[in-house]
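Below are two complexes that have subunit A in common, paired first with subunit B and then with subunit C.
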Partner chain A sequence: MKQETNQEYLLEIKDLTTAFLFDGKPVPVTVNVSYGIKKGEILGIVGESGSGKSVTVKSVLRLLPSPPSSILNGEIYFHGQNLLTLKEKEMQKIRGNKISMIFQEPMTSLNPVYTCGNQITETIMLHQHLSKEEALKKAARMLDLVGIPAPESRLKSYPHQLSGGMRQRVMIAMALSCEPELLIADEPTTALDPTIQAQIITLIKELRDSIGLSVMYITHDLAVVAEICDRVVVMYAGMVMEIAEIRDLFHAPLHPYTQGLMQAMPRINQQSEMLYNIPGMVPHATQMPTGCRFQPRCPYATEVCSQACPELVDAGDGHMVRCFHYEKLRKERVQNG
Partner chain B sequence: MKYESNFRKTVKKFFRRKLAVVGLVICLVMLFVAIMGPSLSSYSPSETVVEDRYQPPSSVHLFGTDDLGRDMFARILDGARITVAVGVGSTCIALVAGTLLGLLAGFFGGVFDTVISCFMDALWAFPAIILALAINTVLGPSLLNIFIAIGVVYIPDFFRIVRSRTITIRELEYVIGARAIGQNSISILWHYVLPNMSSTLIVQTTLCCAKAVIAEASLSFLGLGVPLPMASWGSMLKSGYPLLERAPWLSLFPGICIMLLVLGLNFLGDGLRDALDVRIRDD
Partner chain C sequence: MDDLIQVSGLKKYYPITSGVLKRVTGHYKAVDDVSFSIGYGQTFGLVGESGCGKTTVGKSILRLIEPTDGQILLEGKDLRAMNSAQLRSARKDMQIIFQDPYSSLNPRMTVMELISEPMKLHNLASGSELQDRVCNLLETVGLSRIEMKKYPHEFSGGQRQRIMIARALSVQPKIIVCDEPVSALDVSIQAQILNLMKELQQNLGIAYLFIAHGMPVVKHISHQVGVMYLGKLVEVADSESIFSNCLHPYTQALMSAVPIPDPDVKRKTMIIKGEVPNLAEKQEGCLFAGRCSRCTARCREEAPILREVESGHQVACHCV
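And now, the complex of A and B:
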């Protein structure tokens, strides 16, 4: 399938199946998830709540508590090293150092009893052999980098003295303080208001350009995806449905689910009418439909869809899609112009 | 350098609270008395003067004299040492053991949690005094054994609170975030989980101190308190009890002292909690 592209990826997830315990039995919540991220790339991961986006990236850093979670199958390669077989001690050297993560809720992501400076220097001193003074200087530089005014005095602030946007900046500063190669951003702007959201997005883009950071950007907001990402992975019910370059995805989505998402997005140049709405809900992990997982909600579904689960196939130019009918979607698009 | 200013802020915040300062003063006086002991009085706490029995409080005998003619003020000064030691000592045992076990059980869960929790529930099911009695009987009477007996009794109090707080904090995003920056479990427990329950712990500690003083008094009443030549406020209170009608001051003064100590500890605890909680505004 796509083994030959191995080398160009900084991080590659292969056939990752993560399960959670439901009533004492492990039930897979993500199934055979495979995707990779290139150096300096911003990869969007899109999907509804419960589609397994967060579970997949938390598996990368092995942040899921076990039990109740367990990784049934798969490999995650970072610089050719399988992260899933590393010892916890070795993993601790990677977390925050080579790969770091920022979270959705900036209000609760910082330890309330320590000052921002203390928390950033702690991260720095954990991974780099710097003295307290050097670490403090570096922390101030990091705060400056993420656009916090008067960084020296902000170092002495406690998290509760900062606004949400400021806290997210501190989180980003902390995440970047050890010059990681990969930043995993788990819906970093969902809890922020739109102006701050725009600032954070611009900041992440700038950092990619200036320090060559790779970013995995998880979101359910397609507008943000359009704004920031180079490539996009669309997930649904724990499976990768489509992987495409940003232009391809917006101009020619090949999966009915992606198409539904696009239609459900409000557009400024359209007369206000009822927004499109994909019928039904994401099925619960214990009650997955047979065949294709999107089939019960899919307007294109035919008999074959309920009998077998389609493979993720290359529809040309690395545009991957998991659908029996993608050719039909492509044709329709060509006909409609 | 950077953090000194925050420390100074905390100190200022503490001193802005009048009750906290009152608590601190009471506790410091008690500590001073406990250290200096009977050397603060011209009378000896063990000297019996038969003709001075049952003297009410006066300028000669500030707190009166007891049934053997001993000066009560000197005895109170002497008893402070034992009382404060028992309060602090047994609380330390309960605090350290309960917190450690609670943190580990709450954070790691699993079989360890189940076993320890069951054991703590069993310990809790005993009435405190019966348990202290049993431990004390087995270990024999000595000051150290009183510490241990009372300390062990209050371990479950700390364990339960710490365990439940740990379970709550463990799930918070900043703990997951701490993992994501590469912190190990011990560092997370020490820097993230423990400091975030400090307010609960401080209040529980001062309450426990107070309870330990009272528990020691109860043990003394049953004759299983500190061995005889030593006397604590609790044992004085109890030994004065049968003479309440004849010489009420024998129980009154030790009682007032216990009350003051407990009150001081509570004020101090509340003040510390507010001053140390960075989320409470300083003005």
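And now, the complex of A and C:
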């Protein structure tokens, strides 16, 4: 990628290959992952379990323990600075301060023996060097921002006294308390009811609009992606398969995997007897097929697919796709209207 | 034809005790006066937010949880009146599948042992016949007979759920209670399991009580859908009308929260405001009244009962 494109991105991941030890040998679980996120953008990272979406973002924050993990190759630029070359001390200044992360399970990511106020102020005092009193005031403001009623009294609550949706809000408040530029949300609503999910999605969108937050939103739910994201990265078996603007992805997916995911989804506004299903399952990192990694499950696969792995190419207007047959998919769509 | 399962007035109250003497000071009404029926080979979807009592209903029907009151008829026979021997033989007709395929299979048992266990318990087969049946079951759920000697940890989530289904099918049940069977699975695997369940229903005529919070999944698989709110059924209708023409304000709010997989559709989410009432306290009027936009004086005083407003469409709301 050229130097100009770097300017566009707040965070850019380049050729990231992360490996884990299997039987003492490092086996790559993500291969040459490259994508970037622009300022004020909500970028969706989509894929099934084992596709490497969480590994990639955890590599960004250097949260993976080493061993068993190791980064074999790649660079991660944040404001032109390669995060992978930073010392742990410097990394701590970025983590939770410039880049924050929220996790899937608000039940397990909050410490049950401390009050919410304690946990939020810890972050604020650490990074912003405020006094306890100022930090508490700020924590209350943050809880108010994420829509928690009576924030002062909630600061004294313990996590078990709050509902799942409230806990996730506390997590978001904590993540936003140091005014990060980038929020990484790893399946933030997967464990929540649809009504609460809708509230969290609305909240994240509002924060983007009001404070210009950039968000990397990891999920396997394409319906949520359609609601919230501007651009989407589709990953499969540790590789980026497709990157597209949200409308392009939903109206004209060019990778057979993306197309399969769309068709496998039951829809509330459609009745069908049987769902399309992608045969087989995601291969294990130690048993990757030759050539294209999706080839054994792909209805479009031909001989060439098992011989070589396709490159991620620009199919026009920045729509990136890793498939030998994307032109065929495009033609089929035109023919079928 | 009569219904396979008829539930009427099902109640499950948990006592709330206080003090050293554990005096009962009140009751938490987890399930309160729930009635519905499921026909042969039909799927009844039960939806609602977490904590609304849908799992309690599922388990109460199998008497895995002992209900406080109510009647459960399986082919006309009252399950609550049965003694343990009768119940054991009735259990052959009713099986259950759980959400988490990781924790619901014994890690020390092979697939052969897991699937044959129910048949052994009910003395349905032994020896080589047992083995043949396990092979057939594995093939029915899309696994191969080579997998028989493997342990659960060697399988993925989707495969484990297939093993659970094979195990449930082994006693040839008439109904399977499915408690969030696909919620923990990936989209493509979810589609595989849903298709398998539909196929089995078509071929074997099994009925399902399908408990889930994912609306599109429920719509896809159910013939009838019941919506629960705080232990009560607030709306029951066939799948098509509940998704296109729901009448209860709570159902409407619930439906509006379901994300639509189309970036061009801008939906309006109705945010439910107001406090959820404390079920441990005595409640008067409609439980949804405090959060309902159409609440009237009557709603606060008199609890609405589930009544039929259109053919096959029941709603518990004064305003409909």
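The working rule: the second predicted complex is superposed on the first by the 332 of 337 C-alpha atoms of A that agree within 3 Å, B and C clash if a C-alpha of one lies under 4 Å from a C-alpha of the other, contacts with A are read in each partner's own complex, and residues count from 1 in each chain.
Following the convention adopted for this analysis, a residue touches a chain if its C-beta (ideal position, glycine included) is under 8 Å from a C-beta of that chain, and two chains touch if they have at least 3 such contacts.
Owing to the predicted nature of the structure, the values given are computational and were not obtained by experimental measurement.
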| item | value |
| --- | --- |
| Combined model on subunit A: subunit C and subunit B, fit or clash | fit |
| Touched partner set for A:247, first subunit B, second subunit C, both or neither | second |
| Partner chain(s) touched by A:207 [first = subunit B, second = subunit C, both, neither] | neither |
| First, second, both or neither for A:278, with subunit B first and subunit C second | second |
| Subunit B versus subunit C as contact partner of A:136, first or second or both or neither | first |
| First (subunit B), second (subunit C), both or neither touched by A:117 | first |
| First (subunit B), second (subunit C), both or neither touched by A:288 | neither |
| Touched partner set for A:105, first subunit B, second subunit C, both or neither | first |
| Lowest C-alpha to C-alpha distance for subunit C against subunit B (Å) | 8 |
| Shared subunit A contacts, counted only where both subunit B and subunit C touch the same residue | none |
| Contacting residues of subunit A [partner subunit B, same complex] | 61, 63, 88-89, 92-97, 100-101, 103-105, 108-115, 117-118, 122-123, 126-127, 136, 155-156, 158, 160, 171, 174-175 |
| Subunit A-touching residues of subunit C, taken from the complex the two chains share | 49-50, 156-159, 186-192, 194-195, 198, 213-217, 219-220, 240, 243, 253-265, 269, 271-272 |
| Complex contact set, residues of subunit B against subunit A | 2-3, 5-6, 172-174, 176-184, 191-192, 195-196, 198, 278-279 |
| Of subunit A, residues touching subunit C in the complex | 48-49, 164, 193-199, 201-202, 220-227, 246-247, 250, 260-262, 264-269, 271-278, 281-282 |
